[in-house]
Amino acid sequence: MLQSLFDGILVGSVLALGAIGLTLIMHILRFANFSHAELLSLGAYFALTFDAVFGAVSNVLVQKLPWLSVTWSLACAVLIAMALTGATAAIIDLLVFRRLRRLAGPLTMVFASFGVSLIVRNVIGLVYGLRSTHYNNDIVFAMMISADPLLLVKADQIFIMCLALVIMVALHLVLTRTSIGYTLLAVSENPTLAQVNGINLGATVRLAWMLGGGLAAIAGFCYALNNQLSPVMGRDLVLSLFAAAIVGGIGSIYGAVLGGLIVGLASSLALIIIPAGYKPAIPFLIILATLYVRPNGLFGQSR
Amino acid sequence: MIGLISYLTFFFTIALILAIAVLGLNLQWGFTGLFNGGVVAFFAAGAYGLIMLGGPARANEFGGFDLPYLIALAGGVLLSGVLALVVGLATTRLRHDYLAIATFGVAIAIESVARNAEYLTGGAKGLRGFERPLEAWVGQPQLYSFLFLCVVIVCLVGVYIALEKLVDSPFGRLLRAVRENERAAQSLGKSPAHIRLTAFVIGAMIMGLSGGLYATFYAFISPQDIAPILTFQIWAMLIVGGSGNNRGAILGTLVVWGGWVGSGWALTAFAPASMQLYAGSIQYILIGCIIVFTLLARPRGLLPERLTTTQYAESSVEKR
Amino acid sequence: MQNSERVGTQSTAESVLSIRGLTKRFDALVALDDVSLTVGRGSITGLIGPNGAGKSTLFNTVVGDVKPDLGSIEFNGKPIQGYTPDKVFRCGLARTFQIPQPFPEMTVLDNLMLSAPSQLGEKFWAPWFLQRKIQRQESIHLQQAHEILEFTTLDKVAHLAAAHLSGGQQKLLELARVLMSKPDMIMLDEPAAGVNPSLTQLLIEKIHQLNRSGITFLIIEHNMDLVMKHCDRIVALANGRIIFDGTAVDAQASEELLDSYLGQPGVGI
Amino acid sequence: MRKVNLLSPRAALLSLLLPAIWISPTSTVLAADCETKIGAVLPTSVDWGRPIAETAQFAVDLFNESGGVKGCDIDMVLRDSQVDPKIGVDAAKALVDLDKVPLLLGAVSSGVSMPILTSVTVPSGVMQMSCCSSSTGFTDVAAEGKTNGLWFRTFATTRNQAAVAAKLVQDKGYKSVGIFYKNDDWGQDIGKLVKADLEKLGITVTTSVAINDAQPSYRAEVTEALKTKPEAVYMALYPAEGISVTREWVSLGGTQKMVVANSLKSDEYRDGVGFQYLSDVIGHDSAPPRTDSADSFTAMYKEKFDSEPNGPGLPNIFDAVMISLLAMEAAPELTGAAIAAQVGKVTDPSGTPVNADAAGLKEARALLADGKSLSYQGATGAVVFDANGDVSAPAVAWTFTEDGTAEAAYYPLADVDTFIATLSK
């Protein structure tokens, strides 16, 4: 039980990072972006690539961070991956979604994003191969914190949770204390009104993509660190991400965090009651229950 | 030449079976604005319902009542309808993305049951042993395929005509009103919840019919047939074709399905032998490009919805 | 609806809508505070008050969009609290919206045709079994719709999508739509806001015409000139409470009413 | 009514043109002056599917180098099944009707192979041979006489493999076992059989956990199994989820005593998990032949791919290709029925043993020309098909080594059958 709780929170914090970007875009641009999860894969693979580059450049960088399986080169690579993924997200918007926004309904964008995700996923598969890989092939053994109730924890996992927490706090500060944050919140509250008040919608949308992409890259990295890299990791994660965003209430950043935790906990705790074969259905049944009580998600407003 | 005809018979059989499901979705989304993310659940209910009712008995398992084909098919369609009624009653308050994820969850749950509840659905190995109607009587497989295509065409045309009649009637006007502005419709004495539920159930039963025909054609159904990808394929067909337009829905099905499998042909024909192993990934990229570029070129679909006034009065004999 | 005959035989003194002790809170905000109000049959009643006074909430509560915490509502002598908006409409009490709510991608004519009450064709099975009956009913509705379109001067745009109408035309469409059902009473939410003067004039004329044919009006309006000139009776709301209820002449004399309006921009007294 | 301009949507036009373009001939330079097409429907866009396709192509190349079929090169037209029955069946139909292949290899998943069999190959009289479809449904279809003898699979029946798995557990002396099985038809089947067999042997099965495809994390499943504290685990998984589950399992301190199914006999799995954690692993598989030529096959494979032929379905697809092509060579005419009729002749236990290498294939051609029957000795053993197109093969136990796998024990068919008989008592 304790172990399941811990696992749930761990998976949940990764999902939350990914869901924040998704919920922002879903709210500002009013469409469900199926290609968002592919940004997680992209971020993870960018980090893998630059890890190799940095590792080749300098011997100092291949040293591991204390306690962790993460090397300095990987840590630097993640920063670059964030920037690159953010830029890629903005470029995809420029090429595809921006044109459709002017001409079409939200559903057209949803299916364009579905097409984009097919393209991105399979390009990754062509470039990096279909097999799964790891940043570090050594298995990091978990430390037993407690035998009964059982609780096994890895240093990497603590690191992931702390990282997620730090990023969320930073995001909270940015959103509440800076003009950039104010702009983002204003636009996500009401795009038309924000524009009337002199906010440059185009720039804000770009900012939202970069922010969402950067967070997706970190989420992808955290997921890959704890599990593995694979070209289909985006596909495997996309439904959980949507579930998190929707349970939390579309547009609510804090909702996305809570939604991520709920979905993570749900899939982790569900197996206590239900056979593992039914696992894929569990998060959705919990979502159904949540929506039955709150039709617009936990923090969502009706549009 | 015979090969080409035989293949095209097959291609159109599958495409048109899917087109029926796309028409069902068009009633739900195109006309009523219901974001059904669980198309495959109702497709599955029709398919499994048919084989469970019409198939032979299986040892230690439920189902296999060996009922006459048409009764089994109707039973499958009815099962979809009942499922839609239950799901609709539970989710009728939800809107947009929330409805989509809820119905998607239902589809995943149905797939999970199909995969795990061996007693009921045969589990992951699927259900088989269903006798296709009149197959033995026709004898010749090619002729049978052709006749089956004719039956599918009849079903499609029947559904198409029925839906056109429906959406051209005051009922269709009511559906569009609920799609356009639910609050206004309610303020004008209409009951949106009831209308949404009606459209949801009818659309789901049409999807069930599609699933039933699909299971008839393969005489087999397994959880692999009801993977979430089918929901996406059917949606992509509707959006590419043009939602709110039944002819667009059918055209969209042919284009998306044609592109989906056509990209596979193109690759075996053109890609160098050394690339064949990567053809699978490249095919997916091509499929993605077809969807994206079609939508960029025709954002409202190939045949967008047209603005019409419902003309049902006696005096207006001549249509525009 | 056979209300036209009924109205003729009944005196105007009788109340058509009667609200008692209506209270609605949104968290800390008291939107309606023990509001009691009766609207006489055949009258034109103006409902005034500053922004946020609770006027629209009153409308929404009466038609069942918003659930009241306390209070009762009677329409034509029948309690209607707890009814959903569609049921209230079917009782003969229609409302329009402050921000027009058209069916944007439907033609103006279809906006009207939709609004006809008790349509046989709205059953999904009906087109197969009752085609002739539906056609006959549609013909009647079509004629009626054309008459109303002409009456509201929307006949020129009958085949345009409602989204393409001007703001003023959309206000007229709101009124035209509810007329299809021949309601006993219409509640208009700021019918003249954002409408150019000549259209406003037309609108007022139409309201008077309809009133003469027996329809009761309850109108939310900010334009005091209009209210004073055309309403038999004026009710003023402030902070969810009724602060004035009387004739236009009394209203001009009421200090309290004037006080509550002092400094209210855009209010022309 | 408005006229609809059908020509304006560019993409519609494009997709309508696609069928037309495909007819244009391919220009491949070939050694022989003629070529014969065969079809293959395999999931090349899936991680474990691509190596299977690679191996199929390798087997075809090998056969062509040794002289092809009736002096003609074999051109294997490969289509992706996307693990989607609709797509796979369409691809099969196109291969049969448009490319006119008399022989179809595939598919991998039973859910795809089955509709191909019932709605494409049998109605068209095309022979179908699958490397890896394991569903017992095929045996039923064949027993009902609905395959017209056109269906074969080189995947040894799950029954034997499950029994060997139980035997391995017993021989290792494990007292309690937790089971992870892939939640598909094969996994459900073998998971259930192994559980039953173990319980018959008096070994406790602490838990039996279904592992679904494509889940973001298997932590919860692993944790559930961990709580039951089994002495060893049995895994019937594919490499993708196998790697994920094993790494979670090991990192959480789960036992490294593992018995694994043949699907995990792959470099991907060994490299993905890391060899250092797999030293206590023993696996089961159908056995390669007890002849010297087995080594030459492995050597050929190694030369080509720089790795051993390990991975789910790799030896099976190799044999499927070889047996099919030998049957084609033996067939008087290239129709599905004629080829299928010769399968028994090239896998005749009383025939002359031939190996699947260049010399063996040359010898096979000569023997077939003389009207003699062969006993094909392939990568999964001396394959023999029964009347339902199923094979029973001897079994082998194997372990991982630094750079591949090593055989640990060999169980002749008779031994396996005896063991199964003791289980069913």
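Here the chain labels run A, B, C and D in written order, and each chain numbers its own residues starting at 1.
Everything below uses one rule, namely that contacts are C-beta pairs under 8 Å (C-beta built on N, C-alpha and C of every residue); 3 or more make two chains touch, one makes a residue touch a chain.
Note that this is a predicted model, so its numbers are computed, not measured.
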{"item": "Chains in simultaneous contact with chain A and chain D", "value": "B"}
{"item": "Most centrally placed chain, judged by C-alpha centres", "value": "B"}
{"item": "Chain separated most widely from chain C, comparing mean CA positions", "value": "D"}
{"item": "Separation of chain A from chain C, taking each centre as the mean of its C-alpha atoms, in whole Å", "value": "49"}
{"item": "Chain B and chain D: spacing of chain centres that average the CA atoms, whole Å", "value": "33"}
{"item": "CA centroid of chain B to CA centroid of chain C, Å", "value": "43"}
{"item": "Euclidean distance of C-alpha centroids - chain C vs chain D, Å", "value": "73"}
{"item": "Residue numbers of chain B (touch at least two other chains)", "value": "115-116, 240, 278, 281, 284, 290"}
{"item": "Chain C, residues touching no fewer than two other chains", "value": "none"}
{"item": "Where chain A touches two or more other chains, by residue", "value": "122, 125, 130, 275, 277, 280"}
{"item": "Contacting chain pairs - touch in the sense defined above", "value": "A-B, A-D, B-C, B-D"}
{"item": "Touching residues (chain side chain B, partner chain A) in the complex", "value": "29, 90-91, 93-98, 100-102, 104-106, 108-109, 111-113, 115-116, 232, 235-236, 239-240, 243, 278, 281-282, 284-285, 287-292, 295-296, 299-301"}
{"item": "In the complex with chain B, residue positions of chain D that touch it", "value": "1-2, 4, 6, 9-12, 14-16, 18-19, 21-22, 24, 26, 28, 43-46, 49-50, 53-54, 57, 77-80, 82-87, 89-91, 93-94, 96-98, 100, 109-112, 114-115, 118-120, 123-124, 135-137, 140-141, 144, 183-185, 187-189, 210"}
{"item": "Chain B contact footprint on chain C (complex, rising order)", "value": "63, 65, 84-86, 89-90, 94-95, 97, 101-107, 109-110, 113-115, 117, 119-124, 126-128, 134-136, 138-139, 141-142, 158-159, 161, 177-178, 181"}
{"item": "Interfacial residue positions of chain B with respect to chain D in the complex", "value": "3-4, 6-7, 10-11, 14, 115-116, 118, 123-126, 128-129, 141-142, 144-145, 217-220, 222-225, 227, 229-230, 240, 247, 251, 255, 258-266, 268-270, 273, 276-281, 283-284, 290, 293-294, 297-298, 302-303, 306, 319-320"}
{"item": "Chain A residues within the chain D interface of the complex", "value": "3-4, 7, 10-11, 122, 125, 130-134, 137-142, 144, 150, 152, 154, 223, 226-228, 230, 232-233, 235-237, 240, 267-272, 275-277, 279-280"}
